[in-house]
Each structure stands twice: as C-alpha cells, then as structure tokens.
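Only one structure is covered here, and it is reproduced in the block below.
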C-alpha cells in the first residue's frame, strides 16, 4: 500500500486511441470483471450504514475473489463484513467495521480478526485519512498528531513516530494508502463520469483522490446538460459509471431510500450464528439467496422483492 | 421513528441517565461545538440539553450537518450516523474527512470518548482486550475518530456505561486515546497534544475528575443512592477520594422539562 | 508564523458570557479596529483580480497600520500592492502579487522587494497551500514535493529539505502559516456567520481553516432561513460578518460585478509612477481621493460614482 | 469582450503564433487534461485546438471550472483567471487549493511553464534576476504553481516569448521549476519527481527537445524562415543540433480553420 507514485495513466480517457466523439464511461455490470482481480487493494465508499457500492461488493463475492486488501470507509460498514465472511479478504484498512446500533461490530470481521484469519491495519480516523491524503497528494506519507502517546505505533508498525523537521515535535508518519480501485455509490452521474451526490458524499471524494481508478454506481444516469445545471454539485470525475438503482441496498442512499433494517438483520444474524456457534449455514443460505443465485443486480432486487424496496421510504 | 409511548411525566424523579445528561449539560458552555452522537442517548441528551438550556449559540453537529436547534420544539431521535433525514435542520454540511483532518476549526469543540478500559490517568482503550493485536481475546469496536479528536479538542469527557474493575483497570491492554498519559500537570503538553484533555469521567455510579498536579483520577461526586465505598470497590485501581464527596446534583425542574418534552420525549433515558 | 497551535479559543461565540438568544456576529465597519492591529499576520482572500476584502484593506491603509505580515491569496492581487504602497507591510507571504494582464507584477511590491524594503517569503502555490494546510490541521509543518531540486530552500530558509520517515525520499517541509485574521469577501452570509459563495470561493476556505479568526465581507446579509434553503453551499463559519455591497471593488465579485478596469488602471499607473520615476504624487492623490477622504465604505462608493459601479455589468 | 475586428481570412498564411499553437496542439493526446490559461493566447489556442481537432474527451480546465467544449461553436476569450463568466460552460468547479494539492487527480494533465531564464537542461526561473533574493536586480512574477505542478504532471512544455541569450542562459540565477535537473536520463527519478518533465521548449524561433541520454537541450525544428545558425546565435549555451533539422510543420487547412473560426476569431495570434 505504500507503492511509490505512479506516472502511468489510468485516466478516464487514457490517451492514445482516437475517437470522433467524447467517450462514454458507462459500463455494464458484467464489465466489473475488468475492474476487479484477486489480490487488489479495493476501497469501499459510503459510511457506516449508507451508500456502499453493493453491486460491486456482491460481484466480488459472486466471483470468489481472494486476498483482497479492503480499505473500508472511515466508519466501515457490513459491506466489509460480507466480504470477510465470504473469504475474499486478506487485510482490512479502516478504523471500524460494523453497523452501529444494528451491530456494534461486524461479526465476521470480529471473528476473523480474533482468530488471526485477516490482518487488521489498526488505525483511527485521523490516521486513516492522513494515509489517503498522502496518496491523493502523491506523497509517501502524511504527518498527524493523533496516535502520539497511544499504542498505535506498536500495534501497527506502519505508523511510525518521527521528529518533525521544523519544530522538533513528535508526530506519527502515516504511509500513503493507495487503493487500486475505489468503488463508490452516488446519486447521479452523466456518462462522462461527472458524479454528483445528495448530501456530503462522506469521504468518497478523498477515496477517489487516493485511488488509481474509481468506479461509481449511481442511482440515476442523467444528461450532461443536467450536470451542467448545477456544476457546483459535481464532486468527482469517475473512470467508470454503473447504472445502479437501489445499488446501495440494504444500506441507505441519501435522498432515495433508507437502510433495510430487516435485511441487515438477516445478514447480522447469519454472521452471529457463525461467530458464536460456528454455524455457517445461515450465511450460506444468505449467499445462495442474495448473491449466488441472482445473476445480476436486477435479479438481486427481485429476490429482495419490490414490496420491500418500495417500503424503504423517503422522508 | 418516534416512540409510540407517552412522554414521561414531569414530576417523576430523574433517572440515572437523566442525571448524567444534566451533569454533562451543565459543564458545556455557550458557543461550544457539540456532537450529537448516535447510539449514545445520554451524550446526545446532555449536548442538546446544554444547547436548549443555556447554549443558544452552540454549534450543533448532527449526522454530517451543522445546525442550531434552539427554536426547534421537539428533537427527533436519529439512531444512525448516516441518517440523512437530519439534513432537514442543516445550516451547513460537513465532510467526514475534513472534520477529522482540520482540527483547528474545532478549537471550541467538546467531545465524548467511550472505552473498554480506562486507566488511573484517563487513558482509554477501544482497540480490544488481550496481549497480541493479531490475536485479541476481544476485538473492540476501534477508536473511530477518538484518538485524533481527543488529541485536539478543547476538552473531552470519558463516558462508560459500566462501572466495574473490568473497565477501570490499573493499565489498559492498549491505549487508543490519551488522557493524562503518565500523569503530572503538564503530561499532555510534554507529548505535544494541544487539546485540553479529559475533564470528567462519567459512569452510572459517579463522576470522576483528575487531580490537578498528579492528573490521577479522583472521585468528584456520587450519584444519589451510591456510596463512596461502592465506587471504590468497583474501580480496579485506587481512586483519589476527597474528604467530602458530594452527591451529583439532580436536574432542576426546568432541565427535566426540557429533557422530557423536547430532547427525549421518546423516554430513552428512562429505559 | 510558526507559532505552536493555540488552545485558547477565539471561536465565533467564545464561551463564557450567557446570552438568551443566539448571538449575531454582524459588525459595523468601525468595529474593524477591534480586528486589526500593527504587526499582525493578516490573510487576504480572493484571487488575482477577484473578491478581495477591500473595505478591510482600505481600513488598514486609512488607519496607517504598520509592520503587517500579509498572507496574500495564492495569486495575490493589487490588494497586497496597495498595502505595500501605503507602507503597512513588513513581510509578504504568497507566490505572486499582481493583476495578470492588467499588471504582470504589482509595481509597489516589485519596487519594495527589489529595494529590500519588504521581506518576501518566497514560495510557489504548492508550498503556500502546504503551509496553510499545516495550520488548519494544527501541525507544525506539512510535507510537499514541489521545490525539491529548486532554489526555494535557499531563497527561503523556512522551506527545509528533509528525508521522509517512511520511504526515505527527499521532500520539502513547509512550516505552518498561521494568520491572526483572515479577511475575506463572499456573496452572502447570515448574521450567525454561515458564509456562502457564488462560484468556488477560491482558497478562502483554507484561509479560514488556517487563521485564528475570520472576518467576512458579504455582498448581502441574508436570513438564516435563506442559508438553510441550500446548506450544501455553506462554505465556512465566520467569526464576524460585515455587510459589504460592492465591497470587493475595484475587483470582481462572482455573480455580482466584474472588475473595474479603469479604476485598477488608475492604481497601477500610480504605482508605476512611483516605481519608475520615484513620483509618489499620483499615489498620494489616489489615497486622498479613495482612502483618506471617504470616511467609510459608502463614501468610497460615492467617490467612485454610482454610474461607474452600475456599469460593471453582470454577464 | 470579443474583438470587433473581423476574423482573419482562411487563406492567409499562418502566423508564427498560429504555427506554435498548432505544434503544441498536435503533441496533446485525447483524454489529457489541459489548462486554458489566461494571458497566454498561444497556449490557450494550442490546448483548445487539440481539444476541437482530435481531443473530444479532453478535460478542459478554465477559470476554476472543468468542462468540455467539443461542441461549442466559438470560444469566448477570457482574459483574467478569475473571470467567472467562464462558469457558463462548467461541468464542475475546482478549488484553487485542491487542484494544486491533490496532484494524483492530475496524472493525465499537461502543463505550460513560462520563464525569465532557461538553462541547457530545461530548468527555469520565474523568481527573478540577481544574486541575492533579498535584493533582486529584477523581481520576476514568481513561480505561481509551476514548481509543484511541473514536479507532478504527465509532462510540461516550456514556453517563452523571447528567444535570446538573456533567456537561454548557461545557468539560471535561481531555479523555480526543475526540468532535467543536472542532466542524465534518470535525472528526475533521482530527485524523486514523479512527473514526466519538459518535453519541448517552444519559442518564436524554434522548437527544442531534450536528448534522451544527456537530457541536454536539442534543436527539434526551426520555424519557417529561421535558420539553425540564427537559433544557435540567440541561445546562450551550446545547443545540440542534429544533422537534419526540419522546419516546424505548418498548420493544416483544417487546423487553421478551427483556429481562426472557433478558437481565435479575435485574431490574437495574428497581432
């Protein structure tokens, strides 16, 4: 994760090929295979119980990807837990994995971490964001004060105490966190990758800045003219756009739907059955029903049921 | 969302949680920045009570928005950090990464830190229990932003829901948030931490502070019906105890009315 | 400028005094005296020929403030040049002072710098922003790569080469740039300090983050309800708000008016008369007419003339 | 704003500035990020010509906005960096501090660097002339963002309006922007600079590049009517000169038509 900065270009329209018109960045769900590979460092956007890129997450589980380094959001959700439960994850980089009141800690994550099955890159949010800042700024590290006097430099040897060259203070040096790809979920984008959120977009912009490439699921694909109507809302420029109505389900999508607590409860109970009793059956049933059997996102939504989806009311 | 149960009567005696909320509220000053956290009803109620009772110019941070609720009749309870319905009150949005990174904008902020373990100097642990980080006996929820925030904010409060020797330990297995480090009046300055450090540690039994010269934990007040000996027995290290330990003052009728009518009509503090 | 972080609070509503209602942060022009003192480090917002807080700038000239350290904007404008010409400035911290095609470099600034009358804290924009970032993050320094291999560490000893503690790369350490006060000009705010821009607001948000206190001039003071209609536009929380229609004149104010090229030309010519011929008379006449004689901002606008102001058309 | 003069006829021969703009345009690839600078009409025209001629997916940065102008019939000329009227084209805004700080978002960016002085390795100076920074004989405009941008962007172009021994010097009084440092194929890598460095130096007389192993400046082409000896004489250090030096190719009719009808109907490149 501390690769030196790259000078090759994975830009939205990698130079070279000529095209008579502006290129569309819209991808089909099946093309996710071109984005995701075993062993990658994958950043997952959103926060806690909101706005995780669940089409991409379920795709990784469906394909049985392995050895992923997952950069969860600063308050990582059960998107991370699902990937850990499915055995896709080697290492987790984020300060928290859970769903607050719905699950104070992700059950698969806790079990795997306690058993040493995954590596946890221990950090708090300040350190986590410092590492992403370093990557976005093409710097090898970023200083931060949070962590001085704590156990963090012991439990995470990547966090090094150093003496600042200006005032001589002791600070923590956080190495760059550089995801290969950031997987985000947003309100809308045009086919050229102009992404707009409803609300703050959490730290998705920083994940975009830090990552090599960014794929954004959107509730709606809108016209370029619609984007130009409110350019101040454009938060980032994606490298790929995936049409994804209800694509954050079972998590919430600001302005569109609230979290599906019943579905999240189903997932949490499956995790707890495994973590507490070693019983993996409920999770396997969950995976069969919601991940393996549905061939694509719309089939997943059908498995969830339209009645349920439409009940995840707006305000 | 709002509970269907009727709001508690105003003349019912205060619950311990209401008492704790009122204690916290009185310690917060007008103009300060407060975080209305999720999943911590007492902390939420304390912050909002301060705002409504004596803090009309407080900056109220709720679910990635900043607002002022001084004239909002009844506070809706948002259980989840990302509940975007709270944006209906927003004067501004704030970005999760910016709020943690740009600490100077939070010089007036007060903050709350939970813990699996707390030591005699108010250092605390959310990482987990055990000796080897790679094989924790119990993985904690993690520090979230408490490490960085507690290093910088004006002051913070330790808040734990269990007062026992499991929580109050001579030495934390891991320290995720610095309180008064190894002790001494200038303990934090020596580490270069600009924030004011922990002022109080609030539990269901008592309130503790930190003695000024040693920065060791000291009993500040006991909640009604709790004895000093009980607190001592349930604290896993020697607590400094002054000759006279007052009882944590009860909320006034005005405070109770605000709590029960506007802040917590759902009655979360009475469960 | 590398003070250690402060823990005292200059917050918008400094705790202590009780108030039955939310406090207004609106100030009168005369109250600028409470904000500005000899020897201060003063940051000036806007960029190039736009959005400088000219009421505050003219106030400093009128009061004859001395020994200011001026943190100009990243592309500093003739706001800085005016202060230098009037003898208010000891040190300038910014990568540029001028007005692009209207004056490739500020004439007073050039003359004073070449004669050693002011200290120039030599930097490029990357270093400048790194120093402000450090202040906003309460860190003693911020690393940057821009400047490695250049003369900057020689011409500005505050910019120190150091070896990064993670990868061992050579980087530049920029000390925190911490203004005592940031003086900004924006589109609108409510009396509680919620400031909204038209357009990007340049780097004003970063100046706000870095500075101890922030005073914002606004074209319009609007209701709190108006602010709440578009909270996503609220960019910063000022410590003081000054009602300032045409308050950026002679510079532009996005969405309100364009720059007054004739007036800027008058100022530039006065500067050139001094810089080239040592003739200070045109500048003294300028100061008499536009700074010393007008007792306040409205009197200044009257000196400029309503006909001129209303001709600075919108698009 | 738009000039009142009639656009130049399409059959008039190209001016030197038009030639320079066309050279720059051909070197820019589709998908790259280009800055439509102010106060540099040739650079502006080169970037926009590339966009309209063969770069429909370029990212066009103009006056703190990002846009795409592929279908915009005629480009308005904005003289000032802060001209907010350019926002009428915006797909996004960009913040001045973010664009300089977050260099990773600009991996596809190409950039232009002006100079008071340029040395044989393409290092350049915008700080000023003299020996003592505190008493410069001539204070330059300053590096603006060129130091940091040139360290990071995909590649950059040195662009000077005067080709003379005053500008092309054996050693710059100060270096504000690194080109190929002390020379050698890996000169920039040794300094840890991730960007691709200067590809061409474009002047009113000629185009220079940098020989691959030494990274010394080499004559690439001379503009029509200019001799190699003339360029040598007006360069203050020995220039590498290959056996055959081509003439900088003239714009095609298509390129000229785009330049004169859509990019520069004001005729700034013909003054």
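When the chains are written out, they are named A, B, C and D in that same order, and each has its own residue count from 1.
Here, a contact is a pair of C-beta atoms (placed from the backbone, for glycine too) under 8 Å apart; a residue touches a chain by one contact, two chains touch by 3 or more.
This is a predicted model, so every value here is computed, not measured.
Path length between chain B and chain D in the chain contact graph, taken as the least number of steps between touching chains: 2.
Chain centres computed from CA atoms place B at the largest separation from chain D.
Chain centres here are Cα means. That of chain B falls 39 Å from that of chain C. Note on chain placement: the centre of chain C and the centre of chain D lie 30 Å apart, centres being C-alpha means. Along chain A, residues 4, 137-138, 144-145, 169, 171, 199, 232 each make contact with two or more other chains.
Annotation for chain B: residues 87, 93, 101, 103, 152, 194 touch two or more other chains. The full set of touching chain pairs reads A-B, A-C, A-D, B-C, C-D. Interface residues of chain C facing chain B in the complex, by the touch rule stated above, are 4-23, 135-138, 190, 192, 194, 208-210, 224, 227-228, 231-232, 234, 237. Residues of chain D touching chain A in their complex: 29-33, 54, 56-59, 65-66, 68, 70, 87, 89-93, 101-105, 107-108, 152, 154, 194-196.
Residues 2, 4, 137-145, 160, 162, 164-167, 169, 171, 173, 175, 199, 232-233 of chain A touch chain C in their complex. Residues 46-51, 74-75, 95-98, 100-102, 104-105, 109-110, 113-116, 119-120, 122, 124-127, 129-130, 132-133, 144-152, 154-156, 169-171, 198-203, 205-206, 252, 254-255, 258-259, 315 of chain C are the ones that touch chain D when the two sit in their complex.
For chain B in complex with chain A, the residues that touch the partner chain are 38-39, 64, 79-85, 87-88, 93-97, 100-101, 103, 125, 127, 133-149, 151-152, 174-178, 181, 191-194.
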